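Labels run A, B and C following the written order; every chain starts at residue 1.
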Amino acid sequence: MNALFEYLVRLGDDSLIIGHRLSEWCGHGPILEEDIAMTNLSLDFIGQATSFLKYAGEVEGKGRTEDDLAYLRFDRDYRNLLLVEQPNGDFGMTIVRQFLFDAYRKLLFERLIHSKDETIAAIAAKSLKETKYHLKHSSEWVIRLGDGTEESHQRVQDSLDTLWRYTSELFYADEVDEKLVKDGVIPSMEGLESAWKASVNEVLAEATLKVPDNNWKHEGGRKGMHSEHLGYILAELQYMQRAYPGLEW
Amino acid sequence: MANKEWPLWEVFIRSKQGLNHKHVGSLRAADADMAIENARDVYTRRSEGVSIWVVASNNVFASNPGDADSLYEPSDSKIYRHPTFYEVPDGIEHM
Amino acid sequence: MKELDIATLQKRFQEKIDNDIKIEPRDWMPDDYRKTLIRQISQHAHSEVVGMLPEGNWITRAPNLRRKAVLLAKVQDEAGHGLYLYSAAETLGADREETIDDLHSGVAKYSSIFNYPTVSWADMGAIGWLVDGAAIMNQVPLCRCSYGPYARAMVRVCKEESFHQRQGFEIMTTLANGSPEQKAMAQDALNRFWWPSLMMFGPNDAESKHTEQSMRWKIKRHTNDELRQMFVDATVPQAELIGLTVPDKDLKWNEETGHYDFGEINWDEFWEVVKGNGPCNKDRIDTRRKAKENGAWVREAANAYAEKRNKRKAS
């Protein structure tokens, strides 16, 4: 197994799938301004996915392009977190999903900018700028909705309770991570989880939301075992490439 | 208040360092933070700005267009405010 | 300052227009001028926002990452353009929410082209090429419209839209040069979108009740038929260039006039779609209404939070 390839696909797939989910909002946002904002997020993620998957293809050395990787793998070969494939739900669900993910991504990229792999460091540096803005946006919304009306509070608390079970996977690490850390390709991720908890708890407290005590772990995405939702995402994502194989668009 | 529309904000963008902020339009936002972020997303999608101001539209006080004559016309006669009013001897190129 | 009578105000107003001096929000203007503008600008805004839906339909199915990003950016631009236009309408006292409610209740209209379904990827090409092409014909002259905020919004819109038509034509070109099934897909999209695109310019001049007054006020700079002819003249050679056939057996170059002659538009279809009986009218409005209803608790929460925060600051 090529650990670097595997790692890049994990990063790329997270961006690809959450970008896809966000793009489903286009035209359906709660107000025009927010519709535009969510599309901006989505565009950032599609850009990140393109960069990571392109590099993954190069590292693999089999001539696969970013599009081959994004569009022509089977479900078991996608390596994204279960969190990012969860359905949009209402706007609050989307915001909570985004917030939990952004908080993780910011800390992750803050480390990856120190990667000895120059390409990873460069993609991380660009992505970090975007992620800081994403996190600001999602944190502010979590606070507004949490500390807004009774209804909004209840809705986001429910979303948080629903999504919390997918957060332990954010810190999933296996032989892939071990090898890359050992080889000095990526820095150690020690302390990532506690830093994430601290930053998430701070926002949740301001939002008057309760940190769920459900510690059940749902994991599998990093190894290609997904929830039922991914299949439907891929059915749409891959439709054209599967229906008309091998054509230029 | 159930369905109260978000307030209107006027947006001003500094397109690059060294220029004034310029009015570009308006948008709706519940608070100033949101107005700034929305302004970024709406009015600077093509890197049109380096700095954003938002002002709640109900805080903008405007002159009455009917008074335009008395507000602006008098300065038309103050030609001494313009450099071309003054004669500069030949041989001096930049002043 | 002495009171001016209406007749004098009217005369001064028309003099300004005749001298190409822009009208600004707080200037005196005839009620009908204001009403006409509000109607036109909000229709235009609604068209941008409803227009997001037929293309939005293909975002999750775009065939590669580049196309997906481009399509997403384009649909997002349409949201932005809707917003610029609502913002211009607000300078005339047309509250955005009320304007949108008029759309949802069917009182306000929007461009009828968006009531046609997008059933293949090639429709993304046809819409960019034909629909945005037609829109640009309409919009470029509006940059010189007599009402300042509308003209300025249109300058922004036109600047940003320059890539929209190109990306559409690029899709069509790729398909037309592609496999037989791709070429067929492109031709099929042209067949379905050609006539509705010609309808976008509105009824024939003889039938258009607003045109004359709007031209005198310089809200409009060309008649519907003039714009339609410009569009046909510009588009037919483009279709020929990429080897697609415009679905009009009466289409031919007229040496004498220096324009293309083209067939009769099916105006019954046009009026049916305007009345709400197009293939997607109900879907489009239901979708927009649902987005608004589903967002009500979000907007309300943001208001409640802003109020709480202001109170905390004050105390």
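FYI, a residue touches a chain if its C-beta (ideal position, glycine included) is under 8 Å from a C-beta of that chain, and two chains touch if they have at least 3 such contacts.
Please read these numbers as outputs of a predicted model, since none were measured by experiment.
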* **Between A-B and A-C, the pair joined by more C-beta contacts** => A-C
* By CA centroids, point me to the most central chain in this structure. => C
* Could you please state the distance in Å, as a whole number, between where the Cα atoms of subunit B are centred and where those of subunit C are centred? => 28
* Asked: In whole angstrom, what separates the CA-based centres of subunit A and subunit C?
  -> 35
* **Cα-centroid distance, subunit A relative to subunit B, in whole angstrom** => 40
* Asked: Among the residues of subunit C, which are close enough to touch at least two other chains?
  -> 76, 80, 83, 296, 299-300, 302-303, 305
* **Interface hub residues of subunit A, defined as touching at least two other chains** => 31-34, 36, 40, 144
* Structure fact -> Residue numbers in subunit B touching two or more further chains are 6, 27-28, 30, 34, 42, 45
* To do: Flag every residue of subunit B that touches subunit A in the complex, lowest number first.
  => 6, 27-30, 33-34, 37-38, 41-42, 45
* Structure fact -> Per the touch rule above, subunit C residues touching subunit A in the complex are 49, 52-53, 56, 59-65, 67-69, 72-73, 75-76, 79-80, 82-83, 86, 121, 171, 174-175, 178-179, 181-182, 287, 290-292, 294-305, 308
* Structure fact -> Within their complex, subunit A touches subunit C through residues 20, 23-24, 26-36, 39-40, 42-43, 46-47, 49-50, 66-67, 70-71, 90-92, 143-145, 147-149, 151-152, 155, 236-237, 239-241, 244, 247-249
* To do: Note which residues of subunit C are touching subunit B in the complex, please.
  => 1, 24, 26-28, 76-77, 80, 83-84, 87-88, 90-91, 95-97, 153, 156, 160, 296, 299-300, 302-303, 305-306, 309
* Structure fact -> Contacts from subunit B onto subunit C in the complex sit at residues 1-6, 8, 24-28, 30-31, 34, 42, 45-46, 62, 64-67
